[in-house]
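Note that the chains are named A, B, C and D in the order they appear, and that numbering of residues resets to 1 at the start of each chain.
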Amino acid sequence: MSLPAPLTGVIPPVCTPLDPDGEVDVASLLRLVDHLVAAGVDGLFLLGTTSEAAFLTDGQRRRVVEAVTGHLGGQLPVLAGAIDMTTPRVLEHIASVTAAGADAVVVISPFYARLGPAETARHFRLAAAASPVPVLAYDLPSAIPTKLSADLVVQLASDGVLAGLKDSSGDLAGFRDVVTGTRHLPGFSALTGSELLVDAALALGGHGAVPGLANVDPDGYVRLDRLCRAGRREEARAVQERLCALYGLVHAGAGRVGAGSSALGAFKAALHLRGVIACPATAEPQVPLSPAEVAEVRRHLVEAGLL
Amino acid sequence: MSLPAPLTGVIPPVCTPLDPDGEVDVASLLRLVDHLVAAGVDGLFLLGTTSEAAFLTDGQRRRVVEAVTGHLGGQLPVLAGAIDMTTPRVLEHIASVTAAGADAVVVISPFYARLGPAETARHFRLAAAASPVPVLAYDLPSAIPTKLSADLVVQLASDGVLAGLKDSSGDLAGFRDVVTGTRHLPGFSALTGSELLVDAALALGGHGAVPGLANVDPDGYVRLDRLCRAGRREEARAVQERLCALYGLVHAGAGRVGAGSSALGAFKAALHLRGVIACPATAEPQVPLSPAEVAEVRRHLVEAGLL
Amino acid sequence: MSLPAPLTGVIPPVCTPLDPDGEVDVASLLRLVDHLVAAGVDGLFLLGTTSEAAFLTDGQRRRVVEAVTGHLGGQLPVLAGAIDMTTPRVLEHIASVTAAGADAVVVISPFYARLGPAETARHFRLAAAASPVPVLAYDLPSAIPTKLSADLVVQLASDGVLAGLKDSSGDLAGFRDVVTGTRHLPGFSALTGSELLVDAALALGGHGAVPGLANVDPDGYVRLDRLCRAGRREEARAVQERLCALYGLVHAGAGRVGAGSSALGAFKAALHLRGVIACPATAEPQVPLSPAEVAEVRRHLVEAGLL
Amino acid sequence: MSLPAPLTGVIPPVCTPLDPDGEVDVASLLRLVDHLVAAGVDGLFLLGTTSEAAFLTDGQRRRVVEAVTGHLGGQLPVLAGAIDMTTPRVLEHIASVTAAGADAVVVISPFYARLGPAETARHFRLAAAASPVPVLAYDLPSAIPTKLSADLVVQLASDGVLAGLKDSSGDLAGFRDVVTGTRHLPGFSALTGSELLVDAALALGGHGAVPGLANVDPDGYVRLDRLCRAGRREEARAVQERLCALYGLVHAGAGRVGAGSSALGAFKAALHLRGVIACPATAEPQVPLSPAEVAEVRRHLVEAGLL
């Protein structure tokens, strides 16, 4: 299917369930997809950071996209990440995920190689030139050493290179600059990757949200999105605050393991506790959550009425 | 061949010559290898940061190692980088480069995924368990968000996980901690990745150097290493200072392009000017040096007596 | 007067006009105060970052507070910064500004000295114990190497140490955590220091705003605040976006001078162009804006209808 | 006395003993000075970071300098820090410490105020213009957000603004750039602030060292310096490694308190254990070391043969 322009609503970055051997558990993946679709989400984002794309081999990445697009049959737009260090590898990922049926690709700035804005711009231009589907930029300065500037995003959007932005920077003022700077481009999708500021991001003109926590509580985010769209802001704020409290589960392993291990482990533990996926394993070299940490995740689910 | 323990001397991180289409130029690569061997280097490090490993596809990486090991026929130890974001991909690279004949692998901490020291340790343990050849750690905090601590390196060395360290952190005090902390492990190789502090690193007990600039002036670094070993420290210092001045060429593109683009572009421009490689192209999305910037590289070569 | 609890509305961080010799220009300062009061602001914050407190001598700091409190005669609450590296100096500033009539003090985490959360907590406790007036914390991670965590702010608020927070971190999710975490403390004031997200900060429960740009356009911020309070959110958003565009003036000197020099120089140039202050000089070692940069400031004022 | 040009040898940054009320303990300070002088140090640096200058009031700072210069009577050169956020306060400190007898002042880049290289250069030029004695720059990027570039130091040295550099950056390659870049300026003093790389810094041409640990073991650093000067490099390395092991005491409080609190607390605990100062208190808001942490300091002293 072709990507809505702009893309709106809730587009969860889908976790990638693994079996105890580290292989993609396709049955669990499709159950997770059904769980999201049933909640009324507006699209799916595969192979993002929350999907553990950085841990998956090329074969596993392809398997994920094929399984989901085959299962959905065009029912919802499917975005797929093409996360890698530099252009040549990103082009390989773009070719692979679009062959597997992705309706759009999400591309991050080059990293590892100490490049500057000139190279970043060139990277997105090459990606867009090679991609048969729209390209969205991905801003995630907690993962890579660089922040994507609003000016560059607006320039690339104006040049027809970028069809959208997934902003996971936490910098809402920069997101606002993109929103106002692209308002004259009606098809551009400004998406927030924040779990905690969806109401604020939509209020200032953002089109949608890509919150990792939507794996755990898709109904909550869909309700939040619908309340925002209806202008029922006080109710939206209450739902958002409930989700902020639930989000505390990502810190279950804090202090003992890295922030990424903790958050991904907690999302999967929650999906396992809720009966959506068969096994809470995360990819190597992540350290599994301890029983006490899983109990902490459970406590958050119970408090949020999800268990 | 088996890796000397410890590995000593000059082990250049070998540039990967590309043709104008971005493909590996094997003929130029082997000329570059001959140029380094003729200067008397003590080993070669393929697929490092200087080799543009972050830009090469899996097929290109494999081609580089096969070409060089086939050409050398065991004449010198060959190390190969297994640079990627997380363990699963690193294990694939290890399998590939060792199948292609590498005598040791060089592994960086996981990046992108916000992991902590526990996960980093697990990453190296899994890499060592899977590798048929010795594993060296690679510390490069200018490329990834984390610094590898001396304590962790010493622990992993003591446990037999790490056979050595390539320290490109610029933190000579930390390198010293590794050197003194592993002195009871006679086979451990403490290598500096600095171009600018080889004399200092060897004086405090380091075993060897992996300087990117050795592509451009391997004779200079071999001379420096030999003078250091002979205890002729004043002469060594003079040679080191000459190399520090030459190193200024990496800033040829500074301000206009990223630091990585500038340095890699300058190394390749220098190799091209010296007649070693056929084409100075760097991989996408790097921005080529301008004619004025290439002239600046040439000026450095002339001043250093290399042209 | 005693500080409203919570403090609401617009509380500009007042610029400190200087004469060409670097001395406080009291006449201009009082004209600026009148200009702000006339616009209907709800309080004044003296000796903040925007006030160039980091550049003022102890004598100059005291003169500023005395002049303003004397002039206002209790008409509006006056907050004063006690910005310095560590507790002993901060206590001196607290004593000085409260003797001069400040109704509350604003204290930043210790900096320069590589302290941790334990020392930061102790710092605020000692400040509160020594202060005859309420203490607000100041979070400004662009100026000092540390971010004040929401957890610590909430803890100190619950313990009666902190009466409020001025959050200039740009991290609206963290601000939200403070807002929800202190909701059970009815007197606590959660103030945003952002120029660009006042509507969003108030919508999620913030009490007021301390935007540097309110020196230049106090009417704009007062209008924005009133629209937000009235729930007229679309109109508020339009006013906020107009102020975001005006805020572009802070980049007038970007690239040539530091971000601080550029912003403070631009605020003062704007106040000078609007006829409020006699001289646009900033304190040493800041580099004055060039005529072309001042013209850029003027352009922003004209576009915003302020000239 | 006039400052030697260049200044060579060991110039400890002198701790500032405090009594339990936080006042300067002059008797202990002078005992500490005698302890250093007896060991044969070549100068003293007062009011540096190790001296807790960031915690001292103006009155305390002046008292320290007066006490020491009065006590020494010109026996050794006395440098004094003028550490503060911006130029106006730094000029006040320069006036104060030179009136109190300092033979040179040590000035850090402006901080807190987000200034750039242009403002930093202006800051040092204004400081030098106002100072009756030579000005040395202080590079301490662990305390402030900016690194002083070698290029700027060399430029300011060539212009006669800077008489020297105290480099506490840990970046030995940058220090080398300053050393070689100022070799044509015979009076320029290139001093390392590292405890751990004194042998390396002197070997590459540095003139002296300003190690905080020299408070604890001045004999060790004087011996190290003399061995380096005599070209007895293997013996020097052994002494340096012994001092590196002793330096481990700075981590006594690591994990519980900030790095600064831990290091300063450990230096003072060691001086107290060695009987040099009457009280190990550090300034507020630093958290005192626990008995177990003091025992860890003691263990290091015993192992180093200092107790």
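Here is the rule we go by: a residue touches a chain if its C-beta (ideal position, glycine included) is under 8 Å from a C-beta of that chain, and two chains touch if they have at least 3 such contacts.
What you see is a predicted model, and the numbers here were worked out from it, not measured in a lab.
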| item | value |
| --- | --- |
| Length of the shortest touching-chain route, subunit B through to subunit C | 2 |
| Subunit C and subunit D, separation of their C-alpha mean positions in angstrom | 35 |
| Rounded Å distance, subunit A centre to subunit D centre (Cα mean) | 49 |
| Touch-based graph of the chains, sorted into line, ring, star, complete or other | ring |
| Contact footprint of subunit A on subunit C as seen in their complex | 170-173, 176-177, 180, 194, 196-197, 199-200, 203-205, 233, 237, 241, 244 |
| Residue ranges of subunit A touching subunit B (in the complex, touch as defined) | 22, 49, 52, 54-58, 60, 83, 85-89, 92, 110-116, 118-120, 122-123, 126, 142-145, 256-261, 263, 283-287 |
